[in-house]
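Listed after this line are the structures, all set down as structure tokens.
The same chain A turns up in both complexes below, where it pairs with chain B and then with chain C.
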Partner chain A sequence: MNEKSHLSSQFDEDLSSLRSHVLQMGGLVETQISTAIEAYSKGEVSAVKLIVETDRKVNALEKAIDDDCAHLIAKRQPAASDLRLVFGISKIVTDLERAGDEAKKIAKGVRRIYEAGQMPSQYGIGIRHIAEAALTMLRQALDAFARLDSGEAMRVIQADAEVDTEFKSIMRQLITHMMEDPRTITTSMDIIWIARAIERIGDHAKNVAEHVVFIVEGRDIRHPGKEQAE
Partner chain B sequence: MLPQLLRGFLLALVAAAMALPVGYFVADWAGWSLFCLGLGLQMIFHFRNFARLDRWSRNPVVDLSLEGEGAWDGVFGRLYRHEKEMRGEIARCDEDIAMLIAAGQALTDGVVLLSAHNHILFCNTTAEAQLGIAITKDRGQPVVNLVRQPEFVAYLEAGDYSLPLTLRSERRDGGVYSLHIIPYAGDRRLIQVKDVTKAARLDQMRSDFVANVSHELRTPLTVLSGFLETLQEIDVDRAERDRYLAMMGEQSKRMESIVQDLLTLSAIESAPPPDKAPVDMVSLIDKLRRDAEALSGGRHSIVVEADGQGDLLGSEPELVSAFGNLVANAVRYTPAAGTIRIGWKATPAGGEFSVQDTGIGIEAKHLPRLTERFYRVDRGRSRDAGGTGLGLAIVKHSLSRHQAELKITSTPGQGSRFAACFPASRVIGL
Partner chain C sequence: MQIHDNPTLKAEARNLNFFYGEAKALKNINMPIYDKKVTALIGPSGCGKSTYLRSFNRMHDLYPGNRYEGEIRFFPDNTNLLAAEVDPIEVRMRIGMVFQKPNPFPKSIFENVAYGLRVRGENNKRVLDDKVEHALKGAAIWDEVKDRLADLASNLSGGQQQRLCIARALATDPELLLFDEPTSALDPIATGAIEELIHELKKRVTILIVTHNMQQAARVSDYTAYMFLGEMVEFGKTDEIFIKPKDKRTEDYITGRMG
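Here is the complex of A and B:
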């Protein structure tokens, strides 16, 4: 892998297992999101329970990883790229945890819609599409983190614009629907919340990708113009 | 070794023999100088060969420039042969390894080799596509960093690999993989990834089929037993009883037609290939048109588009039932005043029988599953229309027994077109 050899191989192992934990947490969040998307298209109200259960694991992992990061800094005093890795990881887990929360929001929205006896699937194609796009972004961001590949991360950052555009077009479509037929407002509002949650997942994926660029290149590209010295 | 030593010694003796008279007759120093010159020349000769060997050893190539002089010739020759053999051996091993890798790549199953700590050592292109691994970048990476699904991580960590793990693909919509971890060479592991998408779909279809058959039969059965109970417990007058009995008769007919269709289907499945008797298409289509008009009762306009060219080879009853089914469907699902076109067109490339309607149409997502048994786009509507849910399954089966393909195109709200395309070998009389 990319880390330079350290005097202490134990340190290498610590860093490597920390990374694997982050990716394991990422895997859980990916599952949460894909479960939520499936719940939307198939109307499985029971998915909420599953996602909430996974959420508990995600939260526990977030805490454990943050703890590990603090311990690693205290015990090993990492420098340069290792320090960036530890910092980056502690930021990535925050974004991952929030992406998981968004998945929970999607599932709850789906439950509200179905419990009100409505079918959200008439907007299915648009929502499914944007959700797949956001999930792919997250998957690629995590792949980029596993490979410490800043090029792949940059592609994720560019993909976010597409998700944003798509979100806006869904919004316009729903607004038109609501104006034409006020009875659809309740359902449409729920769908807007779902679309919003998906768009946020895309943003979190983008953040993860930005942290990856920071870890690999030492550049903070979050807010252009504010170059952070290493 | 010994001859070389002797030769060196002899050369030194020759130098001494030449130096001795000079030292004796001319001067001491001249004799010594001559002796030293002789030894020096020998040293220079050896050093030149040594330098050559030194140069070669820094960048060994198999090349005839590796040639020594005098005593060195043998040494250089043996080195040359050794180097050549080693290289041959390496090339053979490389070839073997390349062949093994090529064999691994040729597998249609995905293969990933893992180290003792579950780091990726090798994977073939199938596995790369299935699991989203890029081996050039990911060699040495823990496999769970890339295949992150919690089920897989749990399976890998549990260490019980007696059963394969069924995993839904993240990267391919609807894909299902069966992963089997096989320990080998001590503590290494091999992941075998099988694409079981088709098998999973078949499983789904089979369980759907059983559920559907029981459901389809239970609905009329519930009605029957409900009426039976009523008749047993309550005294009803004659007119009421007749009405009940009529409804019960209807339901039992329904059940009978479902069972009949199921039997037809299984009969077609197990029957020998259909005979190749000529079927007169002109009279067949005429019969279809009359049937359609009878079923429609004048609510639709039935148009025949056929030029009377070409006949089919096959089993007439099966074709009549398949085509009749398509026409009946068109009549059922087309609102009044719609148009139904029955077409037959034979060309040297093959024949096409088609039924086009201006009916309600079918959404694209239903099309691939339309010929599944009991698959219904809209449950209530098709039962009201009197279908058993097996019609198209029977049609597809009869057609495929005639090597024909059923092509369905449809636009919701505008109508559908069902076409049976026969190969040229089934068409005669052109």
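Here is the complex of A and C:
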């Protein structure tokens, strides 16, 4: 990545404000997710409202950043690393916004479970574990973006397989549980939706990391299997 | 988008050096020019891109003290354009040039385009009519001038004059067209017309274009070469150069980080 300044200092300022807005948005999404996990573990239904409110801010930031990207392209016609940065940012914010939506889904699932008077204690540990893993992925992906470190981005991408495996394991456990005791189906289904949302957060973190690799190296590493087939 | 076809060579610079007297303006340039493709030369002022362009039709021969080293091979006949025994006039029959400012002759529209043919000894009225019409159509200006071919070329607008100059260059059926910043004196509409024309022209002729407008290079060319201080820093597919240049100096230039 290029550390040298542009001839136009305004261009440098525009790019750096774009980057800091992305990190600000990422920070909000991280908070949404960690709050949702806390709410799940501790049964804090009141936190749901907070997560939904944060989501509004995240959505507004997504729109603002996309708008800034469009203006920057129109005004500056960025090329090479600048173009990759702007293009990558526009994709990163989409994934961040969706990760935020998943946090909202978790929060709503938590509310349904606790308001029905059910306690997901037995499976709480598995969920908490996968959630921590997905959140770490997102944190590292944002860190890789902040430092434009494609090595760290690659580690995030590799970590996604573990989250996927863990998700499948939780699914198996819950299916067994539901078969053993059909009265738990409603709650188990809610927990499955929560696990699914967490697994999706991992996918979004992986996407962010892939965009970081594109920004830094200009390589599009998405869908490797498909490319080999071509 | 990838360029899938395997292009054939139209010309190739091999270890090309050029001297204005003692000053070395081109330093060991090696570069292919592919047939029926547009190749853009970009770089800051004084980097040698115009010097390089002008070597192709031996423009430098006009001034004493200028000296070439190395070769520019021209295909399919594998002629070295710079060889002393090659007649510059012959070279210019095969390689047309369009300059920064439109430079029509102080003659009628028709005679401007017919000029190169007349120089070649063509005087048959019907042949001239046909070829002039064909060239004017090729330069996308026929509809605008067909009813006033006898008018002075200088009465045309700047953009029209530039297209007339392209028609003049096309009339002798050149194999390679050299454009030296062909739109820098034109407004955006006329520029758009020329760029559209370049896109059409490459179906029949190879184009080498010098431009200061990087977006123009990105829009019109298949290949781009970045030159700096007389050196060819990077040559590659335009799609790659503008997304992921290999050389840091190219990156700095096209992202506007040249200080």
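We adopt the following convention: the second predicted complex is superposed on the first by the 221 of 230 C-alpha atoms of A that agree within 3 Å, B and C clash if a C-alpha of one lies under 4 Å from a C-alpha of the other, contacts with A are read in each partner's own complex, and residues count from 1 in each chain.
The criterion applied here is as follows: contacts are C-beta pairs under 8 Å (C-beta built on N, C-alpha and C of every residue); 3 or more make two chains touch, one makes a residue touch a chain.
Not measured: the values here are computed from a predicted model.
I'd like to know which partner A:196 touches here: chain B for first, chain C for second, both or neither.
The answer is neither, since A:196 touches no partner chain.
Which partner chains sit in contact with A:20 here, chain B, chain C, both or neither? Use first/second/both/neither.
The answer is first: A:20 touches chain B but not chain C.
Which of the two partners, first being chain B and second being chain C, lies in contact with A:218: first, second, both, or neither?
Touch status of A:218: second partner only.
Contact-wise, after the overlay, does A:11 reach chain B, chain C, both or neither (first, second, both, neither)?
second
After superposition on the shared chain, which partner residues are touched by A:139: those of chain B (first), chain C (second), both, or neither?
first
Which partner chains sit in contact with A:81 here, chain B, chain C, both or neither? Use first/second/both/neither.
In the superposed model, A:81 contacts chain C only, not chain B.
Tell me the contact category for A:147 with respect to chain B and chain C: first, second, both or neither.
Once the two structures are laid over each other on A, A:147 reaches chain B alone.
Flag every residue of chain A that touches chain B in the complex, lowest number first.
Those in contact with chain B are residues 1, 16, 19-20, 23-24, 26-28, 30-31, 34, 54, 132, 139, 142-143, 146-147, 149.
Which bits of chain C are touching chain A when the two form their complex?
214-215, 218, 241-245, 248, 250-252, 254-259
Mind pulling up the chain A residues that touch chain C in the complex?
So the residues of chain A touching chain C come out as 2, 4-8, 11, 76-84, 217-218.
Tell me, which parts of chain B touch chain A in their complex?
Against chain A, the touching part of chain B is residues 132, 134, 137-138, 140-142, 144-146, 148-150, 153, 170-171, 173.
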